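Two complexes come next, and they have one chain in common, chain A, joined by chain B in the first and chain C in the second.
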Partner chain A sequence: MVIQKMEQNESMVKRGWWLILLLAGAIIAPHVISDFYLVILIEALIMSLFALSFNLLFGYMGQLSFGQAAFYGLGGYTVAMLITKVNFNFWLSLLAGVGVAGFVGLIVGFFCVRLRGIYFAVLTLAFGQLLFVIIYKWHDFTGGDDGIQGVFPPGILKIPIVYYYFVLLVFIASAFILWRIVNSPFGHTLKAMRENPERTEFLGIHIARYQLITFVIAAAFAGLAGALWVPFYRSVAPFYLMWIKSGEPVMAAILGGASTFFGPVLGMFIMTFIHAYILGFTHFWPIIMGTIILIIIFALPGGILEFAKVKLKERQERMKSAKGSP
Partner chain B sequence: MFLQTQGITKEFGKLRAVNQVSLDIRKGDIHAIIGPNGAGKSTYFNLITGYHQATSGKVLFKGEEITHLPAYRRCKHGITRSFQITSIFPKFTVYESVLMGLLSHRGVTLSFFSASKKFFKEEVYRILEDVGLADQADTLGDSISHGDKKRLELGITLGTEPELLLLDEPTCGMSPEETESTMIFIRKLVEEKGLTILFTEHDMSVVFGIAKRISVLHQGTLIADGKPDEVRANDEVQKIYLGGTA
Partner chain C sequence: MSFDILFNQFMSGIARASLLFLVASGLSLTFGVLRVLNFAHGSLYMLGAFVTYSIWKGLLIPVVGFYIATFLAALVMGGIGIIIEFFLLRRLYARGWPEQLLVTYALVLIITDLVKLGWGGEFLSIPRPVPFKGAVSLFGFPFPSYNFFVILLGLALVIFLWWLVYRTRIGDIIRAAAHDREMVAALGIPIPWLFTWIFVLGAMIAGLSGGVAGPYGAIALGMDIEIIVECFAVVVIGGMGSLPGTLLGSFIVGQVYAFGIMFKPELALAFIFMVMAAVLIIRPWGIFGRPER
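Showing the complex of A and B:
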């Protein structure tokens, strides 16, 4: 029993070594990179959380949401308005951002989960744009196209490196929760719905109900991402809710691999850093990004991480068969 | 009465696919629904499992009316089905596929934080042993043979621990050996687990080989119902279905 447990622990360490390495890198990173890239790193982490929330719907539930940015923006606006207008507590504002995004997710999701495939995508897009227009036009309440400025986090969180560690902590906790969800019986049901909704329904699963729960969870985490970003950036603007912003996690998931848990994170890091680097000498960023996406789709279908996973498995099998034959 | 349909009718526009079918299915029976193509067998199945809603008439299961319940609720009552075109989870392993039925039936699908791997290992393997797929537990659903896929779907449905199992063409596309072993297995399910089976089938050797009771549909209407010998001897059945060769 004890030996079995030790072996189990050992294999966990073996599998988790790259996570430990990444964590060490994430802790050291702000001390070795420039201030500019620290900002980019924070952005990449927050956008990765956004991408993970999106991929719960896309990669696991199998439905493409093209309005995920609406929840990201709502999280951001909630924090910005609470802090600047009523001087609300920062931590409670973050929670409120998550709550508002989740609540609106419940309403929007109520309609969207009745549809699947392209219809689901178009309806999420329509709702996203609707929310965008409301915030954009409602000048008296939201500041309209001016957005809201002067959103400050409290105390030492104003120091970028401190805020970075705070974001890192929230990111790790969120990723852990999402990881547990996708590997739970609930997550198994999500994947079954993606694989074969009809078969799943005829096993006693009320599809719309499970899709709605997932929609709300995804909206809440997107809201958390937006709520984290706005106090760091000190401002919020309507375009955070726009369909273009919704497209970013879509591209990140395709780039990194939607069928893997960390694929969208990898995709978002690549996108954010290349974007920051390229903007240094050209404004034709979309052309470069488009080219990268094209190459990935044709050369590495399934995304970078999925491709790596397949290659790794092939190698392991080759080694196994090499060992087997004398 | 275990399962009862009372004058059940389904219309698609002007087409009456199932016409006033009243039928009793007794507990523990292996009951076949036969009929030529387009006789309404699949539609009749769909009315029982909730895939379609009846235009008129009633479906009663264990005395309770289920005519208008959605499919997932009927499954919770103990009615599970397989599909004519094999319906499995292509990117799930054989193990994960069978697990899904169990997770659903045992009501743990709203558990968010425990690992799904830890659930019902023994039960999954017992089902895999039963359907003869234990040695392929880690293989993906879409990379096993056609006959194995059919058996996998049977395994998936057994995960929901049904009382009434509806099989739409259970041996369709199987080799003679696979057909034989599936027939033996279906008989075993009824004898050992007390399941009730309602099935449709093209292969008459399968129908007359295992069915205890046979109902014949023709153009949506029930024209015969009884023991295999009675149905075989029925004139009308001979005329329109068995080709009158006997």
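Showing the complex of A and C:
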């Protein structure tokens, strides 16, 4: 345990320099890349936040939610409806999006944390579909399958590059908060529950309560992602809540590596950029996404970051043994 | 509200329940034995419907053409089931279920696009086959006689599956494997092959129900997701992997839908999920389900 802790600290120091590098890259990026890729970059950042919220449940709590898009969509719908219907303040709308997603997450989570494994996945999926169906069919209130158009951010946020920096700021702040959560005693308790729920319960920890809190946090951050996305695209549609959408963060986590904090971000960036590239010459995106999933699962078990970690470790060990032998 | 309207609604609920059972039973069977929740089950159902359409169109045999086409489509889906189980799922049993789930999710995406590529995005329809063309009068209300065919087929499948699972040696093995896989394997029964055939049976049922769904509604993209989500509700209510549970779940979902549509059409689906939530509060593993180990 102590050794593990030391290794963690060591890797955190190592991690420091490339985080700074990434940050510098993210700040310079919009001045270097074309407008088209700036849009994609904003998409990737927002979707990465969505993926991080999902991985709090999947990677740390150990439960796969197939209904995370419902909270993402709820965040988006809250912002869209507040801005277009009652001309509400943009910043407060964002907060309201987070709040609504978190509140619905509390209700849905109340049912879902009673179950584990595949049952948890199906139940989250079913609740997600329930929310989708309500928004899809409630035409008078939500606009039904037409969605809502004309959701504009205020003032200079209409300029993509400004919106980019705004999203970047929110992303960094959110990632930092999530990072702090998973590395706090609370986060360690989560991991303990994932590894051995019975033993954790014997220690006097109320598993359902911890999981419910986590579920609400994840829902709130998914809502934040949706709330950021909708003003950028000026519109929202019911399919944002659908289970097919919920599959995207699942895929990003598996692609990048669910056992690492930034794995889902890497996965989402790869997916978003491949998506943008492929849409240039075909609209058959699902078949390509499906094929990528199959390749990743069979060729790169554990995801890219995990794969890289294992390779790196192998190399270090090789070098160690090479040094050891005369 | 008079009795005849309610009875009519009840009967259309039964027909819907029957179609749901046709699809959900394959899903439940696969889950019960393989412990794999097949997201792509609805996609196999949709593919079955499209394949049935094409065979029916190609055969041009009057009267029995539709039945032959449905049967052949079920066989085709069985073949696709072999491919999926043998080349994809079989290599994942040692890994976690999230990977299995994601593979079937990938298949949903792939099959959707394949159907789009193969048949385009249009709505297709198969006319109701003889002798179920017209409607019969139930207390003065017209009731499509094809619904009776769907109900009869559902009943036949209930009896067949009950016989298979509870009255045959294969059934003994199926139930034993669902309970303790290692022990069954230790007794010298080839588990991998059992899994393949169960998956194939599930795929064939999906194909068959897809074919049957053709004259019942429309054949269109999106029918995969529509049915699979309702099937999830069915198996969650009834208990995943339980045959009686699937039957009861189908009945409940079919009835809730039929009466929900009468009460408030736009919320019919929402009612289903509300019932599901209610069941889960009382029994988190469904009515006939077992707590997971």
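Structural remarks
In the analysis below, the second predicted complex is superposed on the first by the 302 of 326 C-alpha atoms of A that agree within 3 Å, B and C clash if a C-alpha of one lies under 4 Å from a C-alpha of the other, contacts with A are read in each partner's own complex, and residues count from 1 in each chain.
Following the convention adopted for this analysis, a residue touches a chain if its C-beta (ideal position, glycine included) is under 8 Å from a C-beta of that chain, and two chains touch if they have at least 3 such contacts.
Note that the coordinates shown come from a computational prediction; the quantities given were computed from them, not determined experimentally.
After overlaying the two complexes on the shared chain, residue contacts for A:183 are found with chain B alone; chain C is out of touch. Of the two partner chains, chain C is the only one touched by A:64; chain B is not. In the superposition on chain A, contact of A:115 is made with chain C only, not with chain B.
Of the two partner chains placed by the overlay, only chain B lies in contact with A:206; chain C stays clear of it.
Touch criterion not met for A:173: it reaches neither chain B nor chain C.
Residue contacts after overlaying the shared chain place A:137 against chain C, while chain B stays out of touching range. Touching more residues of chain A than its counterpart among chain B and chain C is C. In the superposed model, A:247 makes contact with chain C only, not with chain B. On chain A, the patch touched by chain B and the patch touched by chain C do not overlap at any residue.
Contacts from chain B toward chain A in the complex involve residues 49, 51, 70-73, 75-76, 80-81, 83, 87-92, 96, 99-101, 103-105, 108-117, 119, 153, 156-157, 159-160. Those residues of chain A that touch chain B in the shared complex are 177, 180-181, 183-189, 191-192, 195-196, 198-207, 210.
On the side of chain A, the complex with chain C involves touching residues 58, 64, 66, 111, 114-119, 121-123, 125-127, 129-130, 133-134, 137-139, 242-244, 247, 250-251, 254, 284, 286-287, 289-291, 293-294, 297-298, 301. By the touch criterion stated above, chain C contacts chain A in their complex at residues 35, 37, 88, 91-92, 95, 97-99, 101-103, 105-110, 112-114, 116-117, 225, 229, 232-233, 235-236, 240, 266-267, 269-270, 273-274, 276-277, 280-281, 284-285, 292.
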